[in-house]
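Heads up, the thing below is written out as structure tokens.
Letters A, B, C, D and E mark the chains as written, and numbering starts fresh at 1 in each.
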Amino acid sequence: AGNTINYQTWSAAVDLVKSHIAAFEKASGLTVDYANAPWAQYRDAMVTKFVGAAPLDVLWVSDAWLPEWAEAKWIAPINAYDNLMAYNSDAEAFCTDSMTYKGEQYGLTYYTDYMGFIYDAEKLSAAGFSAPPASWDELVEQALVMKQKGIAEFPLMLAMAKESWLIEFMSAMVFSHGGRFTDDKGDSIMQEEKGGALSALQWVVDTVSKHKIVSSGCVETGELAGLKAFAAGNHAFALLPKYRLAMLNDPAQSQIAGRAKQALMPMGANGSHATVGWMRFHGMSAQAAADKARADNAAKLIEWFGGKADGQYTFQKLLFLDLGSGFGVKPLFEDADVRAAYNKYGDVEMIQQQQALAQKKDVVTPWFGDWNEVNGAAWQSAILGNASPADALKQAGEEWDDLKSQS
Amino acid sequence: MARILFENASKRYPNGFVALENLNLEIKDKEFVVLLGPSGCGKSTTLNMIAGLEEVSEGNLFFDDETVNFTPPHHRDVAMVFQSYALYPHKTVYENIAFGLVMRKHPKDDIDRRVRDAAQRLEITHLLDRRPSQLSGGQRQRVALGRAMVRKPAVFLMDEPLSNLDAALRISMRAEIKELHRSMQTTFVYVTHDQAEALTLADRIVVMRNGLVQQIGTPDEIYEHPANTFVASFLGSPPINYLDGELVVEGDKVTFVRGETRLDFAPERGKKLLGQSGRKVKLGIRAEDVDERSEPSSGEVIAGAVTSVLPVGSDQFLGLQVEGEELFFRINKDLRHNYGDKIKLSANTGRLHVFDADTEASLIG
Amino acid sequence: MARILFENASKRYPNGFVALENLNLEIKDKEFVVLLGPSGCGKSTTLNMIAGLEEVSEGNLFFDDETVNFTPPHHRDVAMVFQSYALYPHKTVYENIAFGLVMRKHPKDDIDRRVRDAAQRLEITHLLDRRPSQLSGGQRQRVALGRAMVRKPAVFLMDEPLSNLDAALRISMRAEIKELHRSMQTTFVYVTHDQAEALTLADRIVVMRNGLVQQIGTPDEIYEHPANTFVASFLGSPPINYLDGELVVEGDKVTFVRGETRLDFAPERGKKLLGQSGRKVKLGIRAEDVDERSEPSSGEVIAGAVTSVLPVGSDQFLGLQVEGEELFFRINKDLRHNYGDKIKLSANTGRLHVFDADTEASLIG
Amino acid sequence: MVKTTGGMAASVRRHFNYEERTAYLFIAPVMAVLGLVAVFPIAYSFYLSFFQIKLTRPNRTPFVWLDNYLELFSDDLFWTAVLRTVTFTVISVTAVTVLALLAALLLNEKFRGRRLVSTVLLIPWAIPYVADALMWKWIYDSGYGALNGLLYQLDFIDKYMVWLGDQNKTLPLIANAFVWKEVPLATILLLVSLKSIPQDLYQAARVDGAPLWQRFIHVTLPSMRTGFMLVIIYETMIAIRHFDLFFILTEGGPGTASHVLSWEIYVETFRNLSFGSGAAMSYLLALVTFALAFFIIRTLGRSV
Amino acid sequence: METVHQTPASENFVGRPGHRRGINYKRRSEFFSWMHRGVILLGSLTILFIVLAPVGWLVSSSMQTEAEIVSVPPHWIPDQPTLKNFRAIFSAGDEEVTYETRSTQDPSSGNYIPSTARNLLPAMRNSFVVATLVVILNLLVGVPAAYAMAKIRFLGRSGSVYFILTTRVIPDIALVVPFFLVIKNLGLLDNIMSLVITYLAITVPFTVFILIQYFEGLPDELDKAARVDGCSRFQTLTKVYLPLALPSLVAVILFAFLTSWNEFLLALMFTQTAQSQTLPIVLASFTSDFTISFSFINAAGLLAIVPPVIVAIIFERYIVSGLTAGAVKG
């Protein structure tokens, strides 16, 4: 078992991973014991395995879990491996940021994406508009017209169900309204009067209850359900992960194939076209890090997947080609295959432009899990009319301060 | 309140077995009828049909003048003591007994009164709070009886309601049932294997065999004038003795002859047999119809060697080797006999029975 | 093969009810013991304890010389006929009967032979393929009996095995059981409510009441010398008659006096009562211990008015108003009496019983 | 003559308490399995419930005695969760029991196609919760769900409705999915108990004058007591702890509309990584469940 | 007939037994039998609809494309039924995965099939093996225990019943981690035996509890008769009680089988690779963070129903009535 690397991922791109492992085994002479668990339960399974001290070397980590897992000493930094750190120069800044906690970097990304603003071009022109909205207010105007003309009952698709995506949707709204949940010191500012968070939430609440351009069912709509609904042609605008563009323009999976276009994230009153970005990375378990030989092997695998394999970002590229998922290394934008693929359904320039505006989530802390639960419920309460937006954010902010002071 | 009439009724069980065949039986209103017959002859089946628990496969069943073939049991107004008790295991004794009344919406205090009254007669007052599983066999049977007793139905059906009770209790229960019949003035159909019970309770007895009625009559008729050997054998304990032989008629005198044994029939019996000289017959002598006199007159002598002596309480049973057959008689206990003694008994020739040797039907019935 | 001994044994049911108290009872090897007693007195409980089906709450139970309090039933080698039959509903009659033998690994052909033999004796051969639910009550009981009969255990336990059979069958079954006992030479403990059965089968009878043994003795002892009024009342049908009165001793002659009625005890009885003049007693006269003579001698006269006449098969029961009490006697059927007739009967003074008026214990035991 | 067997000859000691020895022998395997697999986890998690364990602070796990429990009593969200759990459990268990009774009564009849119906009835039971929950999520979807589609096409509604997103409907809808899946087992349990009612009790009741309905009340229902007990205990225990549907359908939302105890425990344990207080909640829930079971056994258990 | 009217002999309202005036019982019984049939028909149809409507939708959607599946209003009958999902499950090969062979999925063509499709059948086999073993062990272990608790009086009887129940009142979530430790220490991670023993532990308490109730319902007298007939406790159990308890055994078999078949949380933790993963895990893994195919999940879910339903069909017939009829009197 000395030469076996225990590699754990969630059940995504399983075949691609396997093929890449096969190549790795051939190249390195090491063996990889590969296991995967469903995405929805991945974190729980991993927590159990960490606590139960199951053998693990390399694993996929989502940016949201980094502080927790680092604090719990389940994963270890890779700063010692210069060959890995060298890849930071190619990576998007928010990407490297997202892998860094308390000054140490915990892995290499293999997939990065951001929340995109997507619209149905046909509905837009049917409503008589030539350009997608640039601001949230403009969106409301356009949407009301569509609603009136019966083009769509709920022109905007917002997925506000409690699930792991919720924080990304909220962050995108908040960032584009020029707000933040926390300041640079990590103190809560979400509850600030006239702050971006409040206007974002207020805007969402209005669209649901005042303008009725978003279904009140949005609180049960998950990202996936929203995607399918959008693909079914129920809506004209949507906030969706950028990589969904591929699927939306695929006639076998979508009824609006060819009409799904991306625009910059609309601006809030005091906001910008900023959006939220996220990433997943390959981390090394603390277990492996404690043993030099195991750590070295793990680092090799991390590089193979997160860095270059045989001189290329093979894994990220193939992942993109297979699934349309985003990558965190800028050079790939220049890759001919990549550009060709992107241009089939999207606009590389637009993507690159928006990706540059992506910010990492500002709430990723060791207490993110606790807070996220309360915050999600608070936003939903506001949307359902059980609480005013101010109260909801106040509650979330207090929870934040509370948790922060406890740790 | 109800005349019950079976008209060519048959009962076929799902497995094809015919339990009753072509039953024709009229039970008069207010009559107390006892069904008698060997185990498996169809008595319970008959009761079940009256209660409506088993369908009449063929023929008709009337209550008064109306067919009730299709009337469900709860509209028939019968009360029944099941041979297997069929107590409700989850109800207490009290609730078991009260149930029939509760179903008929009797007032609470009336129910209470009746239940307690019945319990007292049945001597189970101290058991009213128990559940059936905590009772002895006889106690369960009394609960089953109580369940019927509290009711005032048009017909009482009782299937061996006293079989598991001791003699004393049985006698007092018998009296209760008699009293019940008297006070209710309603029809009873009763199954028992206890002859004393049958004879004391019945207005009429129905003797059945293999799903067929053999004889219907008052206890006396059945006992004194059995229609055939089956009926004759069925009643009497120890059972009636048979001797195959021949009739010899000489003038008014009819004599039964078998080997040495010659018995002259008393005149009133004999006259029904006149002109049947030479007929092969079965003679029936009940165990108690002998006497031990110092010197029996000829024509009533039964002589033989003692083969067994069995004292039973008040009497003794004597086995006697007569003409190569073993006959049993009941005689006074005070007489002492030993195995092998040759003795003579005098038969009560007024109580002899004669049956055709082949058909086994009575010749003097 | 087994002597059974209860030593201060008690049985307390989970609900706290004490069904047997301090039972001391020895059943000898090969003995045929009949348990008699009113419903609920603890007979079935006693059998269950012998079989090992109910724990002995206190005291000891020995088989031969060893305590078997904790020996499980399947190591006790007993065969039992349950009062409630307890047939295996999923097995055919054949399988039911064979089961005990199968469990004991008897060879197949031996089992088959025994089962068929038993079935024939029980007259259920035609039912061997049926399941219990398709049988009549009496048929089920015979299956239950058959299940025990095929076995060759150390002890047979039978709990009212014939209660649901007709008289004829009962008698023939009784003979089978007697024969079984004879051929097996093994211990039988038998519960019955049928006195004839008890008296004909038993080597000894145990009379119980409320969980207590009242008397143990041969049938004759029990019948002729009941230890107390309870035992005396329990046997005999119709039951024994009582008259409260007083003893008067004059020289050798002991007389029972109650009003006009004076009965002189036959000498062998009288001598046990000498010197008890003036004692308040209960006189017991069995129904059959009277005779209707044309002129009874004084000192044996029982005189009264006829209150009821009940013909029962071979005899008739006469109710007689004597000294303000109603007594029942059994007399010959041929005698005709009418309601209200004043008659005289002569008592058999050699068979009178006397009990203490308070303790009710026999004075001539 | 057959020898009096070992029991009589053998020593008292050898057979001392054969009954108990057999009983212990018979329950030994179960106890071994539970001892091996279940006792340690239970004891261990119980032990954890006395510590303040936050996995993100691996070095600070003080023993806090009953604090984890006491804190719950002042936690509003906890009490909301309790209330929702009770609501969900009551709705579900009642519905399961009633529907299962009806189904069992139906399947107890003899008719052509009975086996087809009973087989079909078992289908929901055979769908793993993962698939079942996704199926319902998708049926309930407000945008393109089958429920909306069906009601719309049947003209019961004139436009698509919000289902799970409507906080007043959330719990009942989840309960509906739960009941759909749980009815088969309950039906089987009740059917078995229905089948074991002796027919002669019905005969006695008919003679006692009880019409169909009264026979049902006085014979069927009481005879099914233990069947009901099984169903109610089992379903209560399952419903009170039910997690899967909440996880896949709503994650406790919208707002806190489906924030039940099991969800709270999950969040506390796996989202917040507070194993100590998560365990404390679990044990409070366990205590309540056990008390309920105890009560149900005492009231419905066989006392005959 | 004078006396008849004076005595309160009959409770019958009309004073005549056996018939209330004006009721034609023959007609009435025919009417009831029609009613009866009607109620049965209605009930059956209701059950069929309630169960089959969602399942039917499952079937229909498993044969639709991803695009069609989200149509508004839904297409109850697929426009162009396709069996590609089923084909994918049954044709999935097991060759080594390389860059060249990796693509079983082709998003651009819409033939989206998760590559883990090939794990479905092995997972079903795993599930089936696990469930079968759990059923067998449940019976072996649970039946004697239930019998002892139902029919033998011994010290600690009710204590053991409550103990057994206690093991099932704690939410699984609290037990997952400790369970994991046990399984790890037994060296059974990623081995289906880990599931067999944990499922046994979670099903056997109810198995025992269910059986106790039904055993208690069987007449004690049969127990006694068997023991007098020479059965040890064990033989009494096997020869007399088991045949009579058949219906409840069916309930238990189905319970244990389906609980094992459906269990998710523990399987998620203890299994890692296709060699030990069970059906629910593989089903769940069809939903990744990248995408999900409803139609495929539905197809897989549909297949998941088949083995348990076959098991149910096999055993359901043994739920029959009247097993104890004629056994005892009283």
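One rule holds in what follows: contacts are C-beta pairs under 8 Å (C-beta built on N, C-alpha and C of every residue); 3 or more make two chains touch, one makes a residue touch a chain.
Keep in mind it's a predicted model, so treat the numbers as computed, not measured.
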Shortest path length from subunit C to subunit D (each step joins two touching chains): 1
Between C-E and D-E, the pair with more C-beta contacts: D-E
Interchain centroid distance [CA atoms averaged], subunit A/subunit B, Å: 94
Subunit B and subunit D, separation of their C-alpha mean positions in angstrom: 58
Intercentroid distance (Cα basis), subunit E paired with subunit B, Å: 55
Whole-Å separation of chain centres (CA-atom averages), subunit B against subunit C: 22
Residue numbers of subunit A (touch at least two other chains): 40, 44, 51, 228-229, 232, 234
Residues of subunit B whose C-beta touches two or more other chains: 72, 77-78, 83-84, 87, 104, 133, 137, 141
Of all residues in subunit D, the ones touching two or more other chains: 19, 22, 138, 143-144, 160, 198, 200, 270, 275
Pairs of chains found to touch, sorted by chain label: A-D, A-E, B-C, B-D, B-E, C-D, C-E, D-E
Subunit D - residues contacting subunit E, complex: 19-20, 22-27, 29-31, 33-34, 36-42, 44-45, 102-103, 106, 108-109, 111, 113, 115, 117-132, 134-136, 138-139, 143-144, 146, 148-150, 152-153, 160, 180, 185, 188-189, 191-200, 226-227, 229-230, 233-234, 237, 241, 243-244, 262, 265-266, 269-270, 275, 278-279, 282-283, 285-287, 289-290, 293-294, 302
Touching residues on subunit D, where the partner in the complex is subunit A: 55-58, 137-138, 140-144, 159-160, 162-167, 247-248, 250-256, 259, 267, 270-273, 275
Touching residues (chain side subunit E, partner subunit B) in the complex: 3-4, 7-12, 15-20, 23, 25-26, 28-29, 220, 329-330
Complex contact set, residues of subunit C against subunit E: 48, 51-53, 55, 72-74, 78-80, 82-90, 99-100, 103-104, 131-135, 137, 140, 147, 157
Contact set on subunit C toward subunit D in their complex: 1-2, 63-64, 66-72, 74-77, 152-154, 184-186
